[in-house]
Amino acid sequence: MTATPAAAAPTGRPDGRADDELRPVRISRGWLDHAAGSVLVEFGRTKVLCVASASEGVPRWRKGSGLGWVTAEYAMLPGSTHTRNDRESVKGRIGGRTHEISRLIGRSLRSVVDYAALGENTIQLDCDVLQADGGTRTAAITGAYVALADAVAHLRSTGALSGEPLTGSVAAVSVGIIDGVPRLDLPYVEDVRAETDMNVVMTGDGAFVEVQGTAEGAPFVRRELDALLGLAEKGCADLTRLQREALDA
Amino acid sequence: MTATPAAAAPTGRPDGRADDELRPVRISRGWLDHAAGSVLVEFGRTKVLCVASASEGVPRWRKGSGLGWVTAEYAMLPGSTHTRNDRESVKGRIGGRTHEISRLIGRSLRSVVDYAALGENTIQLDCDVLQADGGTRTAAITGAYVALADAVAHLRSTGALSGEPLTGSVAAVSVGIIDGVPRLDLPYVEDVRAETDMNVVMTGDGAFVEVQGTAEGAPFVRRELDALLGLAEKGCADLTRLQREALDA
Amino acid sequence: MTATPAAAAPTGRPDGRADDELRPVRISRGWLDHAAGSVLVEFGRTKVLCVASASEGVPRWRKGSGLGWVTAEYAMLPGSTHTRNDRESVKGRIGGRTHEISRLIGRSLRSVVDYAALGENTIQLDCDVLQADGGTRTAAITGAYVALADAVAHLRSTGALSGEPLTGSVAAVSVGIIDGVPRLDLPYVEDVRAETDMNVVMTGDGAFVEVQGTAEGAPFVRRELDALLGLAEKGCADLTRLQREALDA
Amino acid sequence: MTATPAAAAPTGRPDGRADDELRPVRISRGWLDHAAGSVLVEFGRTKVLCVASASEGVPRWRKGSGLGWVTAEYAMLPGSTHTRNDRESVKGRIGGRTHEISRLIGRSLRSVVDYAALGENTIQLDCDVLQADGGTRTAAITGAYVALADAVAHLRSTGALSGEPLTGSVAAVSVGIIDGVPRLDLPYVEDVRAETDMNVVMTGDGAFVEVQGTAEGAPFVRRELDALLGLAEKGCADLTRLQREALDA
Amino acid sequence: MTATPAAAAPTGRPDGRADDELRPVRISRGWLDHAAGSVLVEFGRTKVLCVASASEGVPRWRKGSGLGWVTAEYAMLPGSTHTRNDRESVKGRIGGRTHEISRLIGRSLRSVVDYAALGENTIQLDCDVLQADGGTRTAAITGAYVALADAVAHLRSTGALSGEPLTGSVAAVSVGIIDGVPRLDLPYVEDVRAETDMNVVMTGDGAFVEVQGTAEGAPFVRRELDALLGLAEKGCADLTRLQREALDA
Amino acid sequence: MTATPAAAAPTGRPDGRADDELRPVRISRGWLDHAAGSVLVEFGRTKVLCVASASEGVPRWRKGSGLGWVTAEYAMLPGSTHTRNDRESVKGRIGGRTHEISRLIGRSLRSVVDYAALGENTIQLDCDVLQADGGTRTAAITGAYVALADAVAHLRSTGALSGEPLTGSVAAVSVGIIDGVPRLDLPYVEDVRAETDMNVVMTGDGAFVEVQGTAEGAPFVRRELDALLGLAEKGCADLTRLQREALDA
């Protein structure tokens, strides 16, 4: 990862990582007893429980098409953040951020699904943040893919499907520019200081599924954007390897 | 526990327990890094994450009273049950059962709180069911008390309070009649078959805080009610001991 | 009723009743012209209008089962309380207390219904509190049973059913401990001062359907709980007699 | 009332009334024990409970103005209609018809209120339809005025106000054209058949506050409109007399 | 228009119009490219976009009847008023005024529709106020009729219907009394000062569909009411001519 | 724009544009009479009304900071799309897509605002889509900037601010890959066929504010991403020039 300028080293990261280094990542499969797939994914202190529920049938607008469906919902537990956040069920409405992330996770997973091979089955991913320390949406996508793979294996074991509905794997990571330095996988303390913040979703073979970059402070120039994309490619490749190891375990 | 008739032994319980025996109970403190108190409580396969958030100040209707406040919210994650249940945030309204249990947990905890000693601080308990296998509300109360005790200790350590706002401890257990036999701490498979189902909340010194008994099938007679109360007294005493051990650890 | 200590007499009750005496109870049937059953029930100043609407068919999840359904909704008119309470329709959501009581009334009535004998008919009970002076939920259950009996008779008269879907009667009463003395059927002024408050629902032949006891102030010991249950048995027996008289009138 | 053509007599009205005759009207004051004013008003089988709650202070946007406020809410109990109608609190939203009628009642009452004489007090009128048989909104206005007058008297008796905040009285009636014949005060069976339906609100001294006419079937010509206005003038004069008698009782 | 007293001339109207004169009215058809009918209607500065969407089929309660359906929704853009008004979608509920006007527009249009000739087709009118300067509901009705006529022509051109579902035309205008003088078509500055405000909907052949008069200040007497009706008849006749010209263009 | 392969020319675009050519863009300022800024922006058939409302003061969480606030809301009129879409106010909740776009517009505008220079004033942008034909969010951003500039000028003319709160300009455009060919500014017919769809927001001096790319079909490789970014740079530069011309007019 040559885009990270050597000059940034002196200030360093709060947790001592290299600028292109992921936090310690843990992917714990089979975390619950009932669900078709259940994964507790940890990116440092960020903990997300990803549960895949499989059911026969598809939403009404898709009935009779022979095609399956994959969808996702994201939420944060009220006590997951430093300052407690109110429940959206109590507020009676889902906030824009929650909607946005749920949609992102769903699109990301669907990018590696062959609906015809899935048949008229639905897999619903629920990603609930138990503890938030930056990068919850990217951890959720990375963990949800593993839960999805487990749910697919479960459906195959029960005879509900025979082919291979997964055309590849998908993982996601955040990157950002802090004090002018591009960095990989930002924890909360870096995230709040980032001038630019980007979430990148990639397939296991290195193609892009989503690129969402936002200038939080000053707008960013093309050269910075290119550096961030390079960092993200590196991070997603690392995560792809960790997903494979978890699934092989 | 003499109320359980010996004759019930032959049919036995699905998990081989005695009729007056709790499921294996685990109380894991400090489960999260940020919260004032956080406990993962397990009654067999039932897993509830109880998080206590402390904040200065009280709700508006209590301002200037010098008194604190303790409140609670209960929710089930969508993937916590055998068949996925829809999110209440998505439905846009909280169901009656959720409301009822949130209120029960709040009342139960408040029964051992000295508001004057708490001062104008609020402690909010969030009890989120990660996996449901019967007895989620009683596990929640039992775990939430421990999280509350940790939050109180945390407030004391930060100098936010000096006295002792806890006047005792509180625990809860379910009891029920299955095939005519009173039993303690029902898992889901017993719960759905119970003719009568009762949740009992008690203080550590053996007084009652809440008694909620419901005839699911046939109404129950006074003698059966008395037997159930006896079983609950036994179970709450066991849980009180386990809470004390967890807090001493 | 020997549980009431004679020593309590000096302080007495605000309305001069004995500790085990109901308030004047009035059950006025046929209060409206349209409904299958309509009862204005009064426990002292508490007035609840209980209306039973019968309709062919059952909720979707029950169709084709050959079984009927009975359900209930409770609400308070805004002007029914000393201080006006806001409408839940205006607030856009039903509060926890309302949910809880609606569910309690429904469960209580269903405990005496034979769904097969009812056939695929639905009876919906609406209990609207016109004036609240304590014990609204127990008055509602007591009156709703009479409205239900009238609706069943109406269905029989129209030929919509032939058997007997009621397996018994059901009535309810509140009991509580005020200044250490157990008392029956609390009006508002006693209710707010009660250390312990219990609602008990019983069938006409003396079995328990629901027992809901709550320590409002200090937790209560087993001996107090037993005294309250005894008082409730006495009160429900009196109410059962009054229901029978009303239905025979 | 000369506008009603004599030729209509042969067909007659279902209840035998003359075309310009009100249904039997009953205005029962003091129907509840707590409220500042409470009236059960009956227009034939239509029964509306009108409750006036008085409170010190005014809504925020009016604070410090020295002016009072009067507002109203209308609702139908679920069992008030022939076929049960669902609760708006359960539906989570208030329907257009309810909104419309609540606003109409509020405007009608405010037309006879001197806000300066009322001072910074609020009177809230709740009009709940216990039984609906046509003309519920006009019965509500007619009864609500009496409850308002009682609430004003109550405020005066408690010393909360000294002047006269009522500048007159207000009453309302429905009129309509059935089979080409203009008729006064339509019950449900006439209302559903009316080609034109008009609700008219008038002050006690014969001025118009609201005129709301709707062609349900064919549009109506100016001559018909004039006849309906004449009938309404007659009906409101009768109601004004009945209000005065009730208040003098 | 003889009802306007000559004595009012000295004060005059803010925009110099005669008391019985409409503001400049513009009806621009085909304002959008997709919709079956789309009209931008302007009454002075009031601009309302009226869009008619046609679809096959009718609401569930009307299926199989052979009859069509016409319905309408009204809304104001947040920036349409002098002071921005919050979006009802953001508030999560539709206000009473919006409900009331949507219902009025729907009823008005339906008064000239022959449902049998329309067949099982639905036409939905959306009237969105782009700029509000008084009379938005009457402009909406006047413009919506033209959009409806265009949608009907569109359905005929696609062969979806063959007969004539429009039995006439419909237009609407506001009238009011300002400083004792009856005036036609009030802009905002007059509307806020009006003692009485009336909206009148009429068919093209001069019959009344809706008359909604409200005393904003002092109640109005019969003579004033008659003068307002006369003004409205004049205004609706003018608008009918303008609609015809627009449709002939 | 050399990234567009010459080989694509044969298939061509539905409207005959070059692959790096914008649709005809119209920016009509002062479209309404009341608002501080109001712009009708058209990208081909896409029409968005952008209204800027200025008000003194800021949201509560910002009071006393000396800093201003800029926020935005986006919505589609029901008749703006080929098939009518239901109103979110009627559905009672705002959809995820609407939330997402509102947030995007707000962030984009805020990237060129100096809050200190704005002082404690709030500018609210409302972007309502009158007709949708692809690229509504990018047209909204482009038009909203012009409305914002007009509102700022208005505030300056009224003396509400003196400095320059705009640090630059902002514009946005969509790009996508259709049949393997990167193209600029997609209308609906191209948008639905795009394999990859990207929205890019840039400042007037060529820096990036937002990059949101999504693989709708197959994931995209880095080379394609680079080509799309190049096209977007070209399109935003063109739009910046058009904004400047509109503001100078």
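We just call them A, B, C, D, E and F in the order they show up, numbering each chain from 1.
Convention: a residue touches a chain if its C-beta (ideal position, glycine included) is under 8 Å from a C-beta of that chain, and two chains touch if they have at least 3 such contacts.
The structure presented is a predicted model; accordingly, all values stated were derived computationally and were not measured.
**Student:** Going only through chains that touch each other, how many steps at minimum separate subunit B from subunit E?
**Tutor:** So the least number of steps between the two chains is 3.
**Student:** Compute the distance, rounded to whole Å, between the mean C-alpha positions of subunit C and subunit D.
**Tutor:** Going by mean C-alpha positions, subunit C sits 34 Å from subunit D.
**Student:** List the centre-to-centre spacing of subunit B and subunit C in whole Å, with centres computed as mean CA coordinates.
**Tutor:** 28
**Student:** Can you tell me which residues of subunit D touch two or more of the remaining chains?
**Tutor:** 92-94
**Student:** What graph shape do the protein chains here make by touch: line, ring, star, complete or other?
**Tutor:** Topology of the interface graph: a ring, with each chain touching two neighbours.
**Student:** Starting at subunit B, then subunit C, how do the chains run round the ring?
**Tutor:** Start: subunit B; next: subunit C; complete ring order: B, C, D, E, F, A.
**Student:** Can you list the residues on subunit D that touch subunit C in the complex?
**Tutor:** Residues in contact with subunit C: 32-35, 38, 45, 47, 49, 51-53, 55, 73, 75, 77-84, 87-94, 98, 124, 126, 128, 130-131, 133.
**Student:** Would you pull the subunit F residues touching subunit A in the complex into a rising list?
**Tutor:** Per the touch definition, subunit F meets subunit A at residues 93-97, 99-100, 102-103, 107, 111, 198, 202-203, 206-215, 218-222, 225, 229, 233.
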